[in-house]
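Common to both upcoming complexes is chain A, partnered first by chain B, then by chain C.
And now, the complex of A and B:
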């Protein structure tokens, strides 16, 4: 029996939903340092004293050796485009009037990076390895959107 | 009795264990909790992550902490970065099943040293995890009734009381014992000195289930380290061997189960006892951590595990047999009723407790007798799986 038979009255169905109001996600000790940093216009990473790996966003443990990480460091904000994509349609399939460029931004000597919007760059001129920097909002509240976007370093 | 019903290559030892605090709402993320337990377990075994060949992780429904594919979200924190990593999930039975899955990783000869981590963060979902539990029921047969998870327990408890003529006072003794035992547990969330009257006077939720019959909602993590015999001898003078594992599922139709006797556990226990060469569980098990999300479930599970005859567990409890200084200490940790119930972590906490008891490292919780053989058990899926691990020194 096809599901379309439902609409011909041949069978019955029930509807329900997961009656969960919301989820409350704590930042935890690692991400808290990162978001507090953004509020101050800084990018904060964490560094494992055993392996020397610097993690962005910061974690309180090292994935290489599971040591506790207590050292948090501000990193230089000059990044590079590691990869990018150009969004033509939104998640409902509607065409966007203005294309949005999304990029994975890497930083020297850092494991990880930041995925964010790239603005002030024409699609034709982007390349992997392109130097970029973050543009912070005037009013910041400790969110990933405290960075308005990344743009090319002049 | 034939000693083995499963073919395996290696004997498996537990050589370390770790545990976070159990609390109603933790600020630490799921990952941070899992890492803390994993790191503690490695440290206690004297190993580093380099020594670990594979990782097994367990947690219950993703809908609690609101991260879909939660097991995969946890890989780095559980030590699984660039390693063979497996998530297991059998509802409330997960904690002990995680240890069983870790066991077969090593017993099969596929891996030598395995880190086993279980974690649960139930606090993110609002208004309450009960709203998630509602969706384990049959969507067209049960859910339209507005069924609540506690209904199952209330039916079981009432049926158990009716069949064996058990008084609520005797069931309440379990809650009193476990909450008192938990006073000696550094991770405990709801340890307390309470009386039978406190339980009987607490709010009735779904008769006969009252507020103090139930374990709390919790966040927390636990971990153990497993290895084969060759490595166990290298690493420690006091390995604790996993001698038997068992699991079994009853029917999914809750209308079709024997509510007075947990058959799922009877068969899981039989499997584990056969492997461990145990003929008389009541005599040969020295200490047990049985699954106690509700006080009557400790009694139910003792009987399912043949640690008591049918209807006899309340009598043993009343006579003090199940106290820490009794002949058959049950839940010396304080169990879920006292330490707390971060689902998967609570089950693995029970395995860790037996590890500490058999190594005589349980401190103030150490049972009076000299324990050689211990058992940890959990219960879950759609209230139909029993998971059992038998350990020996």
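And now, the complex of A and C:
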């Protein structure tokens, strides 16, 4: 523990770290299906057999009727932009070398969606409802980053 | 459900960008002493339960709730912490008193944001570790997304949003507890740095340190003390799905639902007609307009008209954040709701009986889909 000594020689603060560097986050059934699907270049959702709602990301319980969900379905990868923002600075306020367009992507008949980067699009071309599709990385390891970005459907 | 709970006292420290001379416990102590004096009670004798609102990560201490009784007059009393904003604490105190088992319950919340050396990293830790954290480091990106969807869906002008900043920072000039009072031209906001389009740096409330304590009591206590105290006419809080992907960013359903719970308890059918003044979430400038719309306080105006016609200005039909909001008082993390409650009580007391009903509302920040609404009356 170190001491800051900044106010005319008076001690005013103690400094310490919140030393919690590592944590593992168990995927569970829902995210296992989702991430292993991405690894295979697929987008997997889950569908409640009681009320018919299809959820993305997939999960094993329905927030509407609380039924257990056992049906996982691959969805069509053609999505649309539901909303977007253009990031200009990082968390510490530094300008990004290149602005990043982030978009919320929705899919037909699916509740939820995927929040991800949008690339190959000029800001002024973007509109709500714009058709987009994912571009997967060559090398995939089961993470949200297996999708490199979304881009417009030509 | 009915409500027979009163705010018999409230105390706050100044809100400041930093408070290097006081520890968090000393800030809490100052607010508590002011609140108990204001209420005219002796906490060592009269206090039945102490509720605090805190999140360990903001405090830098895990199991933070054990660090609170001594500076609040609550040693050897029932104490618990709500992991959320102070307005959620008020909801819990309200329920406790309504059981009939407790007469005096105090609620505390504070911010020592200036002690958090890397606050953005703590916001980052709040993001979904599976699908958001691997992508995004700056939580304001989600506010930019929400703002863009809100403004496009409801056809809100950039100028109308910038006027909210200018109004609230201007309102804070008259508030001795507010650090960010300033005469701000909307063009300054329009030209401030883009953080995540369309969100600009001046759309984001700056942080403040400070503490607030509110003392709630039953009708019996109010009658014994012989005081005229504002009553909580209604209160409600709601959480939506934790999946941001499912939110209605234009007009979040969890905000609407929290409002409906409070309105129904307070028997309010026409919010615009019934509410005289509103203290609502403006952590991000656009949130003020979004919350007005979602809580049905727009009276059929478009949000642009509402601002341009001056409806929400201090001399308008429905003053909103007349003491400066978060933009003017600073955003004191989980003490935000109590800061707004404090301002509401002060406003009602100074209103010479003209202010019948005040609405207090705040949201928990990203990624929380949570809102709380309280209605105060006489």
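FYI, the second predicted complex is superposed on the first by the 145 of 154 C-alpha atoms of A that agree within 3 Å, B and C clash if a C-alpha of one lies under 4 Å from a C-alpha of the other, contacts with A are read in each partner's own complex, and residues count from 1 in each chain.
Quick note on the criterion: a contact is a pair of C-beta atoms (placed from the backbone, for glycine too) under 8 Å apart; a residue touches a chain by one contact, two chains touch by 3 or more.
Keep in mind that this is a model prediction, so the values were computed, not measured.
Undergrad: By the touch definition at the top of the document, which applies to A:111: first (chain B), second (chain C), both, or neither?
TA: Once the two structures are laid over each other on A, A:111 reaches chain C alone.
Undergrad: Which partner does A:60 contact after superposing on A: first (chain B), second (chain C), both, neither?
TA: A:60: touches chain B, not chain C.
Undergrad: Which chain, chain B or chain C, is in touch with more residues of chain A?
TA: On the superposition, C touches more of the residues of chain A.
Undergrad: Going by the contact rule set out at the top, does A:14 touch chain B (first), chain C (second), both, or neither?
TA: In the superposed model, A:14 contacts chain B only, not chain C.
Undergrad: Quick one: classify A:82 as touching chain B (first), chain C (second), both or neither.
TA: A:82 contacts chain C only, not chain B.
Undergrad: Of the partners chain B and chain C, which touch A:68 in the superposed model: first, second, both, neither?
TA: first
Undergrad: Give one of first, second, both or neither to describe whether A:25 is in contact with chain B, with chain C, with both, or with none.
TA: Both partners, chain B and chain C.
Undergrad: Under the contact rule defined above, give the chain A residues that sit at the interface with chain B and also at the interface with chain C.
TA: Common to the two interfaces on chain A: residues 16, 18, 23, 25, 27, 31, 63.
Undergrad: Looking at the complex, which residues from chain C come into contact with chain A?
TA: 20-21, 57, 60, 115, 120-121, 123-124, 129-132, 134-139, 141, 144-145, 147-149, 152, 193-199, 241, 243-246, 249
Undergrad: Name, in rising order, each residue of chain A that touches chain B in their complex.
TA: 14, 16, 18-31, 59-61, 63-68
Undergrad: Spell out the residues on chain A that touch chain C in their complex, using ranges where they run on.
TA: It is residues 7, 12-13, 16, 18, 23, 25, 27, 31, 35, 55-57, 63, 82-92, 102, 104, 111-117, 123, 128, 143-145 of chain A that touch chain C.
Undergrad: List the residues on chain B that touch chain A in their complex, please.
TA: Touching chain A from chain B are residues 26-29, 31-32, 35, 38-39, 42, 48-50, 63, 65-66, 76-77, 79, 81, 123-127, 131-132, 134-135, 139-140, 143-144.
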